[in-house]
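Both of the next two complexes hold chain A, though its partner changes from chain B to chain C.
Take a look at the complex of A and B:
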């Protein structure tokens, strides 16, 4: 089965924030939660580059390793998902994540954290595919509909690629060969450099 | 060399032009691009300096439209360090340390049994802890135990409770633990301050404490060593535990408890590591204190429960305090005030 990965081509990203908007629109994410963001390097200077970043669905996901209630699970396609019914909002995944992916809606006074929210690679959660409950908690499950993530599909310059890691890497390799520069695959070493942890069934299903 | 000099001259000029504060930022930025330029001379295609700069997030020209804490930081490698520390030594060694101390205390109790009174109780009681003392002590003690139990659930529950309870039930327990921990934490910090103010006077080190330490309080010989109102062991617990560890866990706890002051992840990771280590040490020390205060020493629990101790107990355990109290009462006129019969029985209500 395909191993899903994100890849952002820094040579192509034009900082339009279309991916960010597509994500918000597709999943109706609550105010203050940003599953994806675009970071611009050397903004306004020669050699300006932009990179779109969200959860990279790491092979050995740090969030999964530090979660005190073990609410994360990995699908057969390598997508790292979590069960909001189990999440206690401790924020440890946010400490551990290299990409700043986990988001917490403020739930009460003094910065009390609500249930964590993050990019699902448009693959929903442990609920039944495309059910109302799944949409409410995790947004649309495009993978179950046979579609790829909305952010990458919407990208106007095809800088952001999301899908089968081998296919995505091939596309990128061809680009690098043709243009002869920009070979850095941003974040891949951190996200996919470690041996893959095997897929786990949804945590809730085990109890 | 000349190019270098000119660059430095430019940096210095910009420093003067822009004033001191932004100057440091600009200098940092320049050094990163300088390093990158230098790297390209020796290793074309190696952009490591740029990527290091990108990971740091200190570059003022690194921007994003998403408003949030550290949203311009593209990548933070410190998270992995935190993960390795927390999931590794802290969980493994910390967990076994608590278990080991529990076993040691259990073994000691099984071998030596409780420390009993040598003399026969006189039946005359004297006040050791007033109502305020006891209120402060139990406020801190109850909040400490709540924090310890909920903290253990948060750190070790995944390994010891989750396999037994299953995911759903454990998640309920964990969310309850998290909220109890977050709300009781500030109560404990407050009680710790009161505790310090209440007991600091009698915990000041005295010369005769050296003797107590040298004989380990007669823990192994079974012979009591004279001490003031608090012996050197209690003083060590007061200064090292209540005061020092109390401050450490409270300060780090507040950093973690209130993420709405825009503190960054690295600060919270460091706070979490210190919080976990300090609280594990705190818990192991507290096991010793709880043992001595309950089953370890006969009459110790009653003193904090009712506030009164038998005169024989006072003479044996805290001889100097006993002498002082008796002398003070005598100089104050009249004999040591005997407590009313009702107070003896239900002293904690008085």
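Take a look at the complex of A and C:
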């Protein structure tokens, strides 16, 4: 069983926002809700780096830990999903998430946020795979179609990698070796623990 | 607390998704095998319930209402992104005529499935409900937009244009075509306007790369990118000088960054620390407008240190000694005075380029859009010639074009000084095309005011407003312009917006043919009450046709969906206007008609391409038959990413053997399709045989100049050529002299007698010369470092007309005023002298450029909510020092005022991306006019979501002396708190 992971290669990300609009159009996410966004550090200065950020589908996800109604669940592939029927829009997950992933469709005082929305790793939600109900609440379920997240698949420079953690780690390791520098991995340590740990394939996994 | 409630069934069974990651990314590890894994369209082939889930939100209700009705078949249409010139392939999933999804094409050797923000959201074009398109024909009536029928629109527009033609002559009209038209439409528009009787036509290439086309073609033969995006993977050093590829051509960075990972040095020299610079190894800041000085400064170091390629220069370059003399004058102190760059910086770039070969230079509008643009691009060519980098894989001049088909529209489209294929407009050229078109030369001549007007280059798009406003005795045609047809053009991409609005006001008639009403409609409605017509055109996703990417590869688009709303394809509108004007029969004399929208006739796109194939020999648009191009589109996976060449392969549908073809048959693809020239991946490459896409520099400027041989020296020729020295271009006399005439068939002899390679309709001479003897039909000559037919034969630095440096204006003055260029006077010295002290009131250099999210004038992309959300406001980038000195802070409204007194109300972005003394504004915005939102001037529901000040409302006068390219990159302004 593969463990799905995201990784953004800051040496390659050019802040083109292709991942953002790929997500928007694939799931028809409404204006104001950003399941994925690109963050730039040192904008306009030497050392400028951009990274594309969404839900990292953490190994020990803080959102799951804090949710008072326990609406989160994790698939066998490590994708963190949630049930909008259970969500009460309290926003605890938003405070807990180190990546700012949870989004809320409405502005306003506490209780008026609406159901939380976030990146699903293009894996839908609890409804039947590829059903109309699933699409309406969570967007498309590309994993069920044998595809990977639209953002990573369409990334202009192949900076954003999404898929089996072992393959992602392999690709990235090769790049780092070739460059001879830059092993710092944005968000990886926070989301998936130390690189050494996650680089070891789980028993029975096939890359 | 890991809860596992659910696993995705399909994915857990076989992991087909794992291959997709490997395909997407591992190709760039140098391992290209995984990418070849068969792409499973598992989700796309499924029907029934799965199909329902593929419907977008907006379609959901409709689909549910249809209840158990059988869902339509899912079709996958392969098209090409219509935004920039990279040419990214897209698989559009269509059901019941609705574009429901978009999938990456991993097989494309150009983009490998990758997209920028624009390409990843292009499906918005099929989203009926959220569209901000122009839905019906409209006319301005008493200052209000009013819906009218197509019949009424065509009748009124046709009658009014005919009336103007009758009363004021055909030259009183101006037709602005589009670099977004496909090749066939662009070609037809050239023919259409010719039959209307004028050369007054142009398109965006004028204000995009006209200086490149003229400068580069005059240096060595063809005015195009010499290599390709992919070929950068073979480079050891890449210099971006006048290009911000990370934002303007994001997917090209796929290849650049791969090259970088393999050790190539990436250098950016730019007034701004661009996002491209953020990815470079080396960045140096230069003062805007100092380009020639920098390039000459580099050459100074190259010659001083003996880094030039002496043998290459001797064998293949004419006049390098003159360039050397000029470079000798550019001592480091002078270079620093003009460019602001230190000696060590300039030397560093020169050394890296010289010692890491093959090295390439990349440019876009940073070099071209200057009053001395033609000189800047030629200086870049000279740099690459001195280093022996041209005609070399990994080297070359990688000139990134703008629009998706600006290269193609330049090659075969509506140019005021040339028929398709750069044939020019002399009598012989018209006769050649009369023949190709199947119409009588005398009949065409009768359409024009006179033979003199038929052979006089028309007005340029950059100057049409002057042809309206200028005193009649100063313009070189009988009447001032009375009507302008905007056929896919954004006026806010042109400079001097303030004066353009005055011109719009004065016109008798304005016609806008566009999928979006564009800023043209709003600007017109702001100053006019009537005689403005808007006709809704289909997009390129709503018709089939071919588009030429920047690397000269031609890709065939399938039609994704039918034209939405009441829109019609551009070629249908052309045909219907031709009917109105009474030349429909001549217009399609040799092109069959097919049924378009509503069963109405339109010229068949494949058949139009066949006509192009029959006529455009000069630049090798003859071998790209629709059948060959379509076979390429179906078999993208057989083409190698680094070389673009097919390693084997047979098209399953037609049996066409792909082996040896380069992807998209990059022009020149000489001779008829039958001789199977593979296309030319890198121009002028002598290391390859002609039939393998090799070549050499063109013999287009005579055989000698002042007693100096212009042909290539002995031993310099394309691989395997039977002539091993320089030779002139091919004609019937040469072929006979060589004793090869009898290798022609009898039919070919008949056709070729008295002709040259460009006019022989059989292609027989090319076949014998090239295929049988390995020789280049356009001859084998030297490139020219001295272009003696230009005002500055050796590139000179000349200060911009609006320069902040009065001292440098003295030292490096601009040209003298010109009485008549392209039918209008053009001022240089007068303007520069009058504004010598403009820097006192307007001390900041104002420059402009692109954003990733938007394209061109931006009306189309600013109407796409997925893009609009990402850039919601027009802004000015200003250095913290300049901001602090003016008491303005980040994200505040300011007025940007230029010497024209135009004022732009924009938000500040305080950043060190720009140096002190320079401000940057993006050029994609329109819809505000000097502080006022123009929403009320747009037809209802058709205003773009995001509107803002157009930078070009404030830009100033200034044109390239050779091509009338506008100056957008260097002018002056002042910023103050709003």
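Operating definition for what follows: the second predicted complex is superposed on the first by the 188 of 207 C-alpha atoms of A that agree within 3 Å, B and C clash if a C-alpha of one lies under 4 Å from a C-alpha of the other, contacts with A are read in each partner's own complex, and residues count from 1 in each chain.
FYI, a residue touches a chain if its C-beta (ideal position, glycine included) is under 8 Å from a C-beta of that chain, and two chains touch if they have at least 3 such contacts.
Because the structure is predicted, anything quoted here is derived from the model rather than measured.
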Clash or fit, chain B versus chain C on superposed chain A: fit
Which of chain B and chain C A:88 touches, first, second, both or neither: first
Partner chain in contact with A:100 - chain B first, chain C second, else both or neither: first
More chain A residues in contact [chain B versus chain C]: C
First, second, both or neither for A:152, with chain B first and chain C second: second
Chain B versus chain C as contact partner of A:45, first or second or both or neither: both
First, second, both or neither for A:20, with chain B first and chain C second: both
Partner chain in contact with A:65 - chain B first, chain C second, else both or neither: both
Three-chain overlay, closest Cα atoms of chain B and chain C, distance in Å: 5
Residues of chain A at both interfaces, chain B in one complex, chain C in the other: 17, 20, 43-45, 65, 70, 206-207
Touching residues on chain A, where the partner in the complex is chain C: 1-2, 11-12, 14-22, 24-26, 28, 31-32, 43-46, 48-50, 60, 64-65, 70, 72-77, 79, 81, 123-124, 126, 129-132, 134-136, 140-148, 150, 152-158, 161-164, 167-168, 171, 174-175, 178-179, 206-207
Chain A contact footprint on chain C (complex, rising order): 1-12, 14-18, 20-22, 24-26, 28-29, 40, 42-43, 46, 49-50, 52-58, 60, 63-64, 101-104, 112-121, 123-124, 246-247, 250-251, 253-254, 257, 261-262, 273, 275-276, 278-279, 283, 852-853, 865-867, 869-870, 877, 911-913
Of all residues in chain B, those that touch chain A in their complex: 45, 47, 50-51, 54, 59, 61-66, 68, 70-77, 79-80, 82-83, 86-87, 154-155, 157-158, 162, 166-171, 174-175, 178, 182, 257-261, 265, 268-269, 272
Residue ranges of chain A in contact with chain B within the complex: 17, 20, 34, 37-45, 51, 53, 62, 65-71, 83, 85-92, 94-100, 106, 110-113, 183-184, 186-187, 190, 203-204, 206-207
